[in-house]
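Paired with chain B in one complex and with chain C in the other, chain A is shared by the two complexes that follow.
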Partner chain A sequence: MQVFVEGVGMTKVERHYEKGLSHLAAEAAFKALDEAGGPGGVDYIVVANALATLQDEQLDLGGYLATSLGLRGVRALTIEAGEASGLAAAQVAASLIESGMADKVLLVGVEKITEFPSSKAYRHLQMIYDSESRSYYNVGFAADAAMLMRLYMETYGVDRELLSYWPALMHNNAKENPYAMLNFAIKPDRVSKALVIAEPLTLLDTFPLGDGAAAIVLSSKDSSSKPMAKITAIESATGLGSIELSDDPLIIDSVAEAYKRLSSLTGVDRFDFIELHDSFTITALLILESIGVAPKGKAAEMVAQGSFSPTGPGPVANPSGGLKARGHPIGATGVYQLAEASLQVAGKFPGVQVRGAKRGLVISMNGLGSNSFVALVEGV
Partner chain B sequence: MSMELSIPRFWRFKHSIYRLQAARCRSCGRVHYPPKNACPYCGSRDLEPIELPKRGKLVSYTTVYAVPEGSRQYSPIYVGLIDLGLAKVVAELTDIVDPSQLRKGVEMEAVLRKARVDRDAGLIYYVLKFRPAMGVPDVQA
Partner chain C sequence: MAEIARIWGWHPEQYKGLAVDEKAVAGPDEDSLTMGYEAARNAIARAQVRPREIEAVFFGTESKPYAVKPSATIIAEALGITPMTMASDLEFACRAASEGMRALTGMVSSGLIKYGLVIGSDTAQANPGDVLEFTAASGAAAFVIGPEKGAAAIIEDSVTFVTDTPDFWRRSGEPYPLHGEGFTGEPAYFYHIESAVKALFEKTGLRPSDFKYAIFHQPNGKFPVKVGQDLGFTLDQLKEGLVTPMIGNTYNASALIGFAKVLDKAKPGDRILLAPFGSGAGSDAYSILVTEAIEAKRLLAPTVEQYLTRKVKVDYGFYAKSREIIYVIK
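Right, the complex of A and B next:
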């Protein structure tokens, strides 16, 4: 696969009470389009979103956004895969280009999650899990991750405090990122003392509720003029996505499978950095272990030792600050990750820039892995 | 009047919610809950219904403080991963007098409890929750 990144745009992840879905999308999309030399030649708009039906009472978001962005007439698709919507939409956008159906695609990830009080967002986010086993309970969005975290700590004999180095690393990375919602440093010892969300998981083990939009103009080789990066593979896999169905919930089967597909396709297994889906501290650690950059049960220790820090041996994990500190506007997150990875390999990321970054891996998933996506982003 | 809870959807779940009706795969022998259309392990469509035991052992658990809308009156909400032998289930836990009772390996049993209430429509979802074993479950295996 050879799909080129012509321009990117992002809004800061924030509680944007004064801006709606289309306003946020426009901020990101106009920046990406302007960087790519204008909207001329755009064949498709592919929109990634998860909650517009609930938060914004909107169907056919792609269609309405196209006209709202001044692109009336272009073809439009809206893609939903829960928290993985962003990379799922990127996979569709890239395949439109690969198949020759489009030369230029505007990929937009956008999400509003603050239109209602947090408790309603928690009910919406519970839909990330299988409704046939969760919808009649009041488990919220964090119970499964909390049980998994306890399982990890007990199985491997890992102390809670050791897990706290992940959020601290994320906050540290986010400090310089102008698009990050939580751009301030924290010390690891604050994590366990923070407000408890679902014991043993605290507010600092998970993402803040914030709105945002990210956009990328993708093009084929022939129509590409001055690309900043290229996407050379996007793979995915479905999985059990469930702690009760899995024999070993401490491996995320869909992440492992998607990554295996990507590396056998490309022959690449070394990266300068990874932008991964740390919806919770525990999901970050399990992803690192599921793709084999950390042995089972060792990710927390390696994080604490600085293995994935900007100055460590690498790969650098989430130079953006990740879902934890950049923020996690659910369906838009994968597009943020791709935009950040593109800026990294172009040497233009306005936060923690990984020195000499040529190759980045992006990992996104829904829930605990019902659907996982991985993408390889390389410099041009 | 607004209606938050669906009657038909809940009605369709009744066997899996109240009897803990699971599915056993005739091809690979594995049991999963709640029943899917094909075996999540081997893909076979040759499934038969099987009821899970109403007692099991706690594998993991949590106390949820960030409770979703409509459940504030039950806050905090205890949730557990319970190994019923044939299969594992995730369920709300109840009758937790002392949270330190919750430990890996503790014996749990199913009891009938209220989970969600739709005040406007007057609907109540009753479900099976699990409590630390006191003798006999509310529902017989």
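Right, the complex of A and C next:
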């Protein structure tokens, strides 16, 4: 696969009380289109979004955004895969280009989650899990992650405090990121003392609720003039996405499988950085172990030792600050990750820039891995 | 606070971030009327006016016992102010009483009335188990507004800043209010107070350093300190008027009790910034100058400090009974 990134745009992840979906999308999209030399030649707009039908009562978001962005007439698609919507939409956008159906695609991820009090948002977020085995039995949003966290600690004999280095690393990375929602540092010892969401998981083990939009102009080699990055593979796999059905809940099967597919396709297994889906501290650690950059049961210790820090041996994990601190505008997050990875390999990321970054891996998943996507982003 | 956390299963650290240690709860035989009456009686004692000289009574509350039927008349009657007086209840979430204070300054200045009484009183409601329950408290403050001569303090200037911002509300027929969580912060509390205070600065040419004290609406212990510091005030200017950490958020009385506490301490010539806020949303900003008359008036009624130390700790069961969270089906 050779799909080129011509421009990216992002809004700060924030509680954008005064901006709706189209306003947020426009901010990001116009910036990306400007960088790409204007909207001329855009064949498709592919929109990644998870919650617009529930939060904004909006169907066919792609169609309406095409018009509100001044692109009336272009072809439009809206892609939903829960939290993984962003990379799912990127996979569709890249496929359109690879297949020759499009030369240039505007990929927009947008989410507005703070339209209502959080009780409503969490009721909607609950839908990322299997409704038949979860929601009907009122297993809360963070409950599965908390159970996994406990299982991880008991199985590997890992102390709670060791897990606290991940949120601290994320907050530290996000400090300089102008698009990050939580750009302040925290010390690891604050994590276990924060408000308990579901024992042993605390508020600082998870992401803040925020709105945002990210956009990327993707193109084929033919129409690409001054690309900043290229996407050389996007793979995906579905999985169980549940603890009790899994043979080994401490491996996220879909992430492992998607990554296996990507590396056998590209032969690549070393990266300068990874932008991964740390919806909770535990999901970050399990992803690192599922793709083998950390041995099983060792990710927490490696994080604490600085293995994934900007100054560590690498790969650098989430130089953006990740879902934890950059924020997680659900359906838009994958597009943020892809935009950040593109800026990294172009040497233009405005926050923690990984020195000499040439190759980055992006990992996004829904829930606990019902659907996982991985993308390889390389410099040009 | 620990008692509320215990009952509802909140994490013991949950309320620490609110910077409120205790909250005041109205007793089983108290409501916004009785508390308002007590505060008004103290205010009249200090004002040294005859009740009949008061020609307007404004009662600012969001917990009045009657949905229809003025509470202001009950208090006015009990104080001997009726019948030759205006009397009405005002509603603007937590700043209704402040609106009354500003209206009275106009009515007094125009010569329509000689004295007016404004009361802010609330037995603040909160949905049991909601985070709001940590801070929703009971309390009252009252002020007599009259001519400059003999006044303890002079309202030099004031501004009001309101918008339609639904950050906190209670629909008709609902027992407890709802709130927009984080929306109550930046777009509501901070935006309106900062806008009102900046407008006052612009109008008067005054700066934070011109004030000895600054008092803001106090929904918790954190917000008033942050808004004050954001506006350029120091902790020294803020701390005297900060009462929420000891008594919780008394809604309409919140900033006004802080103001009363500052008046208990202020010296002639001190300038005070007062900025109440109400959800929905709006804020007033007053510049108030303390006069020589303050010293003599101070002794004529109990001080805020005396009320703060006069307390009995109660458990959640007693609180639930007093606030009619539990009640006997009749």
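Quick note on the criterion: the second predicted complex is superposed on the first by the 380 of 380 C-alpha atoms of A that agree within 3 Å, B and C clash if a C-alpha of one lies under 4 Å from a C-alpha of the other, contacts with A are read in each partner's own complex, and residues count from 1 in each chain.
To be clear about the criterion, a contact is a pair of C-beta atoms (placed from the backbone, for glycine too) under 8 Å apart; a residue touches a chain by one contact, two chains touch by 3 or more.
Computed from a predicted structure; not experimentally measured.
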**OP:** With everything superposed onto chain A, say whether chain B and chain C fit together or clash.
**Re:** fit
**OP:** For A:196, decide between first (touching chain B), second (touching chain C), both and neither.
**Re:** both
Original post:
Looking at the overlay, does A:17 come into contact with chain B only (first), chain C only (second), both, or neither?
Top reply: second
Original post:
Counting only touches as set out at the top, which of chain B and chain C does A:347 meet: first, second, both, neither?
Top reply: neither
**OP:** Specify the partner with more touching residues on chain A, choosing between chain B and chain C.
**Re:** B
**OP:** Kindly classify A:63 by the partners it touches after superposition: chain B alone (first), chain C alone (second), both, or neither?
**Re:** neither
Original post:
With the two structures laid over each other on chain A, which partner does A:142 touch: chain B (first), chain C (second), both, or neither?
Top reply: first
Original post:
Centred on chain A, what angle do chain B and chain C make, from Cα centres, as a multiple of 10°?
Top reply: 80
**OP:** Classify the contacts of A:41 with the two partner chains as first (chain B alone), second (chain C alone), both, or neither.
**Re:** neither
Original post:
After superposition on the shared chain, which partner residues are touched by A:118: those of chain B (first), chain C (second), both, or neither?
Top reply: both
**OP:** Just the number, please: smallest Cα separation between chain B and chain C in the overlaid arrangement, in Å.
**Re:** 6
Original post:
Can you list the residues of chain A that touch chain B in one structure and chain C in the other?
Top reply: 117-118, 195-196
Original post:
Where on chain B is chain A touching in the complex?
Top reply: 9-10, 13, 16-17, 32-34, 40, 59-72, 74, 77, 79-81, 87-92, 104, 115-116, 125, 127
Original post:
In their complex, what parts of chain A are in touch with chain B?
Top reply: 117-120, 122-123, 126, 132-144, 146-148, 150-151, 154, 195-201, 240, 243-245
Subject >> Touching residues (chain side chain A, partner chain C) in the complex >> reply: 15, 17-18, 114, 117-118, 193-196
Subject >> Residues of chain C touching chain A in the complex >> reply: 11, 13-14, 178-183, 186-187
